Amino acid sequence: MRLKEAGMSKIRMNVSRKSGLPPGSLIHVGEVHDHEHRISVVNYNSSAVERYIVNSIKEIPPLKSADTVTWVIIDGLKNVSIIDEIGQHYNIHALVLEDILNTHQRPKYEEFDDYLYIVIKALSLKNHDFQVQYEQISLLVLDKIVFTFKEKPSEIFDPVLKRLDNGKSHMRGLGTDYLAYVIMDTVVDEYFGLQDTLDELIESVEDELMSYPSIQTLSSIQRIKRELIFIRRTVSPLRELLASIQRSESALLDEHNKRYFGDIYDHAIRVTEAMESYRDLIADMMDIYLSSISNKMSETMKVLTVFSSIFIPLTFIAGVYGMNFDYMPELKWKWGYPALWGVFIAIALFLLGYFKKKKWL
Amino acid sequence: MRLKEAGMSKIRMNVSRKSGLPPGSLIHVGEVHDHEHRISVVNYNSSAVERYIVNSIKEIPPLKSADTVTWVIIDGLKNVSIIDEIGQHYNIHALVLEDILNTHQRPKYEEFDDYLYIVIKALSLKNHDFQVQYEQISLLVLDKIVFTFKEKPSEIFDPVLKRLDNGKSHMRGLGTDYLAYVIMDTVVDEYFGLQDTLDELIESVEDELMSYPSIQTLSSIQRIKRELIFIRRTVSPLRELLASIQRSESALLDEHNKRYFGDIYDHAIRVTEAMESYRDLIADMMDIYLSSISNKMSETMKVLTVFSSIFIPLTFIAGVYGMNFDYMPELKWKWGYPALWGVFIAIALFLLGYFKKKKWL
Amino acid sequence: MRLKEAGMSKIRMNVSRKSGLPPGSLIHVGEVHDHEHRISVVNYNSSAVERYIVNSIKEIPPLKSADTVTWVIIDGLKNVSIIDEIGQHYNIHALVLEDILNTHQRPKYEEFDDYLYIVIKALSLKNHDFQVQYEQISLLVLDKIVFTFKEKPSEIFDPVLKRLDNGKSHMRGLGTDYLAYVIMDTVVDEYFGLQDTLDELIESVEDELMSYPSIQTLSSIQRIKRELIFIRRTVSPLRELLASIQRSESALLDEHNKRYFGDIYDHAIRVTEAMESYRDLIADMMDIYLSSISNKMSETMKVLTVFSSIFIPLTFIAGVYGMNFDYMPELKWKWGYPALWGVFIAIALFLLGYFKKKKWL
Amino acid sequence: MRLKEAGMSKIRMNVSRKSGLPPGSLIHVGEVHDHEHRISVVNYNSSAVERYIVNSIKEIPPLKSADTVTWVIIDGLKNVSIIDEIGQHYNIHALVLEDILNTHQRPKYEEFDDYLYIVIKALSLKNHDFQVQYEQISLLVLDKIVFTFKEKPSEIFDPVLKRLDNGKSHMRGLGTDYLAYVIMDTVVDEYFGLQDTLDELIESVEDELMSYPSIQTLSSIQRIKRELIFIRRTVSPLRELLASIQRSESALLDEHNKRYFGDIYDHAIRVTEAMESYRDLIADMMDIYLSSISNKMSETMKVLTVFSSIFIPLTFIAGVYGMNFDYMPELKWKWGYPALWGVFIAIALFLLGYFKKKKWL
Amino acid sequence: MRLKEAGMSKIRMNVSRKSGLPPGSLIHVGEVHDHEHRISVVNYNSSAVERYIVNSIKEIPPLKSADTVTWVIIDGLKNVSIIDEIGQHYNIHALVLEDILNTHQRPKYEEFDDYLYIVIKALSLKNHDFQVQYEQISLLVLDKIVFTFKEKPSEIFDPVLKRLDNGKSHMRGLGTDYLAYVIMDTVVDEYFGLQDTLDELIESVEDELMSYPSIQTLSSIQRIKRELIFIRRTVSPLRELLASIQRSESALLDEHNKRYFGDIYDHAIRVTEAMESYRDLIADMMDIYLSSISNKMSETMKVLTVFSSIFIPLTFIAGVYGMNFDYMPELKWKWGYPALWGVFIAIALFLLGYFKKKKWL
């Protein structure tokens, strides 16, 4: 079934797999991807950028200077031991590690003494069927190091890496909080792309609705409606998340950089509002669909009524003169038959005029 | 009646039985279960675990050492005297005792000087009919002892007991607040299992709705809708309850352990949001159901109109030539009859073409 | 008209009677009951209880000892002079006196230096027609005396009086605040009885809706819906009222006794939530009713279509062979007539099969 | 068009007339009334009341003693120069003067150092057509003087004047804040009269709806719905307005008199809640109207189906025996004709029984 | 497609163009207008006004005296370098510059140490098709200079310029905050003009709906509904924006001038409330439209039923006497034929009476 695939699966997929285990048990809960995990490390400061692929957290090279920022990108969550190692090495709370592995999290922000934990969702489209794919992206922001955890390899961070390669980028001189901002901004900017696709889809469904609405149109409307429910659930907690970051007094967040998070906040509000508008538009479509069914039925009814109302009386009259009574004077009249045709035509014209007046023709 | 059983009974069952009695009167209000009550006692510290079955509160063995935690599980609320004894022995407020016995409570958290009182609901499914069963679980959290009151014996706490048996579990070294957390987490985790079942049910109803919607489909939709009303009423107060615990400044709650309750808080939000999404999905189903009835009626109408509109004019013409006028020249024509068949066929084809153009065929 | 009686009257009844009068003018606004007013006085302390019927406020006997509480129950508001006397004797604000007499108040709580003013509504059922009756009960809580004003005599306070008669009741040793709690608790407990009746009514309407829904069913649904509007208006201010009492810092409220009001608060929330659930259930019923009309119409349409579509073509054929053309070879054939019956039956069977396939039969 | 007159005009009427002018430009925006303006002055203290009609603000007699309150009632806003004079004489902010002249204000309360500015709306009914008329009443409350600005002369303040004439009225001894309270109370009390009329109207529409709903009923429902939208917009800001007054710390408001505004606050809540209830009732009516159309259509359909389904098969049989086949043995049988009548009757009875069983008759 | 043009485009137009670029990248995002940019400069103080057209920010003449206010109006955002220059010269935050260029902003207010940043939207109508055009207007308010950025040249600021030319205008003696107020007030006042047009449009659609509702009416209703969604999104953030300005403690805002922003606040609330009312009115229209379809269908059904129910039985009787049985005694009767006409007429009259009684005629 198409309808279900689009969105249902997001709620359904083994949410209950972990129930019964002690809290803090590290086990990956979510869609299992067959990709190998990969650990990429980026070391940068205002003068240099270095990139490695490592196999273990232990291989991450020690910081060379105080102004160097390390960004560790972990693709794939199958290998629980990596998460475990990070947890032990950087003293991360067991519940945070558990949340990184469970990809059914809501976007959220949690503040600890030595690090910040941020969960957001990257949205992308699989194909032209408007099947939105959700990828959970977790950020651990420490003093000199940022960890990002992704469910599977993708190109979403390529623009960020390209900017780091650019020696003039002022990003290279800023701390981990600015890196976190850039990562989140990149993810949220993708939402606008989704919005464009959604716009086109809604437009094409509207065209269909205005020309020949069918049960398929209804199904498309429902599919969009459903997808919007899930997008909204993903996007709406962002407001609160970003408001919390802006209110935060953590030493890990530079006062000046916090204004940048305000920029993402504005974007989140705009996406949320657009989704609200779409919901209203979709609700209108449903109304139009229902009224178009009623309209068609009304049309059909008029045709039936016009045909029946004209021919049923005529048939009766024809029936009368088909009766076999011995004494029926009209039958003997010479002009009886042509006169009756006159009557037939007169009745038909009168009724046509009547229906015309009623605007049924 | 099936419909009612599913949910109505939760509101209806003797809510008014106690009215007129003085407040603090101990009487069990709720569904009376025929099970015998049972008092299980678990004593544990980091080095040892002991389990007993006792018949009276007085038999609970005194604490052996300062770091020992005692967990008393009372199954069955028929025997009011046990509650009364606990109240007197541990100096529990009369209204709390009354609330433990009245299983129509909303989930809530109350803070007293010497103890905390928590009410939550365990949800389980009786059978494949999606009849949710609600069991009220009350917790009294004291300094060294936790009481849990359940309406009837069940296996819901088995995973907790198993973990206590495990010598390495770090739970054994923590206090009553952590035990309370583990108990609540176990109960809330069950909600995700319910969510899975709900997912499957909604999916199967959707399949039905898309293929051959019937009055049974409507009834299923209504049943799910109704059950959701009750689940929401049970789940939604959890947010506030857990927020209160996190804000609490009670000495009984360790600052570090409070973060664990934040984890249950996240789960509660996720379940609540899933229920909201289900409600939206169910509302959509109702719309689809109504539009499918309209669609079918529209289809029926078209068939009727096509049949009637084609044959009624033809019948009229046949009626005309069945008339008995003496002078009807056409009747004498040699080719009159075959020519008329030509007219019949021409009219029928014309009308078929007309309806084809109107997309009614 | 039945519909109106149930609830409209609560909004309509002479709400405007007083407009134009100076504020503080004492005049009874509300349904005038023909009952004589009656002033009952109860004096109690931990050792004794005395009850009198007096004719005037002046007859209320002076307090015998410091720990005695006096409860004055005034049934009937026709005699404005009593209210006036109380106002002068106990220095009550003119607006409070005015509010006591105007029975269109919302439940509210007002705090003055020397007394508290509480308005609640007692709900009861007149008969099996689910006509809810609203009685306004005003409480004036002073240091050693409580006044309750009721619109007419009823047995609602009998359980409270019985408890006072019981020498062991710990209520006898507590102050006016506890008496106020007991009175309010008694009134709110009555709501659960109403809830039971509502449950039964909804259940019976549901049965009707599932078997043979009629215009009467619709009318019952509307009646319940309407009654719920008024009950909700009466019940929902209770939450705020009780929260205000709990937050209050009045010297008239003992800190320890305030927790009891928290208990009524819980009850008020439960009743409010139950009313919300009922509203959802009733909204569902309306949907089911509408879909059942559509369903029935769809059924009727199918019957019409099947009959018409089968017999109209057959009638046409019969009409053809009733024509009087001179040259109609089929009419001469020996087996023409039986063969035509074969054609009739074949067409009928074919169409029946077609409709069977369409699931219309 | 009737529909529009009732309410639309309130939004539409030249709201944009002033756009482009500098802020603080004094120009009357609103419905222009042809009435001459009139300035009435009332001077009162506990010992005496004097009333004058003056032509200019300058004619207002100077205060005779410290305890005298002056109330200036300005009827008609056409003469902008009066407002201008007041502004200059009493040092009123330009925006306040502008707001007094623009009768499209929402009810609001603004606090200045030397005066308070209050805008409320008087609602009245023009005739039995339920056309609500809105009159904006502005109050300027100074230390010893109150200005009220009305759009046109009316009797709305007559009861207040009558009370001032009464030497025993304790109002004469109180300040301008109490006068402001009395004026506002008088205006708000009028709302209850409107509520009574609304009650009667809704009742009569309900009667109509239950007996013979027509397109006129729908139109009435819509008209009430629309009027409610405007009344709600006028009434709902009152709550906030009165809460602001109660919270206010202005020296112009006596602490003791503030409680009186609490009384108007209660009235405002009651009116608002009644309007909410009406909205729910009206929404129900719309549902009943729609279901009554469906019901009628369903009824019509049944009649059509019963007639058609009974006579169409019979007509077919009659048609068969009207055929002209040479060999039709039944036609020769002596009892053929009466036997066929038997068949006709049997078929008709069978079908009638069938429809009876289906509850269509 | 008409429907889409009206509003969709506002959400859709290249919202995603910038995604992937570093934050603070200056690129114009929005509808590109082919107009040349133009920089107008107005220098004014209480004694003189000077106006220039300059080509570059560097050409802005230096301030002559401390009390001179400079207003720079930039029409057209194509030339990014101007924005860049302003940014560098006046030390404006990169994100603000980015926001000025991106015309998909929500109205907002941001406070910096040296300047205030305000975004609002000017609404205007392109033609009689009710196609609302949105123009983003950004304000940078510094100590002695105000920048306004507009998407394209228009006359919207002409009234402000005219007032500045007027030597008596007290605006010339006030600071940049008052200029900002006047600009915003001018923009918001335009909304009332839009409201007038909307009023007329709704009125004409209502007329259409009451006389002959068609699919075009539905389309108009939907178009207004949709436009309202976008207007509301543009207008509703104004409340918060203006509340922030009023709460602001920035040294750039004079305490006395802040009250003027309160005036715009009132206007914003009025517009928002009017839009809410329109939404309710439009929702009602949709209901009326749907009920009018049902009503028409019901009418059609009645006509069909009356015609069919009268003539079908008569046709049957005529069919009976057209049968060719050898023995049909009625056929021989002399008065058989006229008697049958009597029967025909009697049946017809009876049925007409029956339908009359049912109010179908």
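Letters A, B, C, D and E name the chains as they come in the text, with residue numbers starting at 1 for each one.
Note that a contact is a pair of C-beta atoms (placed from the backbone, for glycine too) under 8 Å apart; a residue touches a chain by one contact, two chains touch by 3 or more.
Keep in mind that this is a model prediction, so the values were computed, not measured.
S.K.: Counting one step per pair of touching chains, how few steps separate chain B from chain E?
M.R.: Between chain B and chain E, the shortest chain-hopping route counts 2.
S.K.: Strictly by the touch rule at the top, which chains does chain C share as contacts with chain D?
M.R.: Intersection of chain C and chain D contact lists gives nothing.
S.K.: Over half of the interface residue numbers used by both chain B and chain C, so same, or under half, so different?
M.R.: Result for this pair: different.
S.K.: What whole-number Å value describes the gap between the mean CA coordinates of chain C and chain E?
M.R.: 42
S.K.: At what distance in angstrom does the C-alpha mean of chain E lie from that of chain A?
M.R.: Centre separation, chain A to chain E: 26 Å.
S.K.: Could you tell me which residues belong to chain E and also touch two or more other chains?
M.R.: 290, 294, 297, 301, 304, 308, 312, 315, 319, 322-324, 328
S.K.: Can you list the residues on chain E that touch chain D in the complex?
M.R.: Residues 159, 163, 169, 171, 181-182, 185-186, 189-190, 192-193, 195-196, 199-200, 202-203, 206-207, 210, 259-260, 262-263, 266, 269-270, 273-274, 277-278, 280-281, 284, 287-288, 290-291, 294-295, 297-298, 301-302, 304-305, 308-309, 312-313, 315-316, 319-320, 322-328, 359-360 of chain E touch chain D in their complex.
S.K.: Across the complex, what residues on chain E touch chain A?
M.R.: Residue list for chain E touching chain A: 1, 3-4, 8, 11-12, 14-16, 18-23, 93, 95, 98-99, 104-106, 108, 110, 212, 215, 218-219, 222, 225-226, 229-230, 233, 286, 289-290, 293-294, 296-297, 300-301, 303-304, 307-308, 311-312, 314-315, 318-319, 321-324, 328, 330-332, 334, 336-337, 340, 344.
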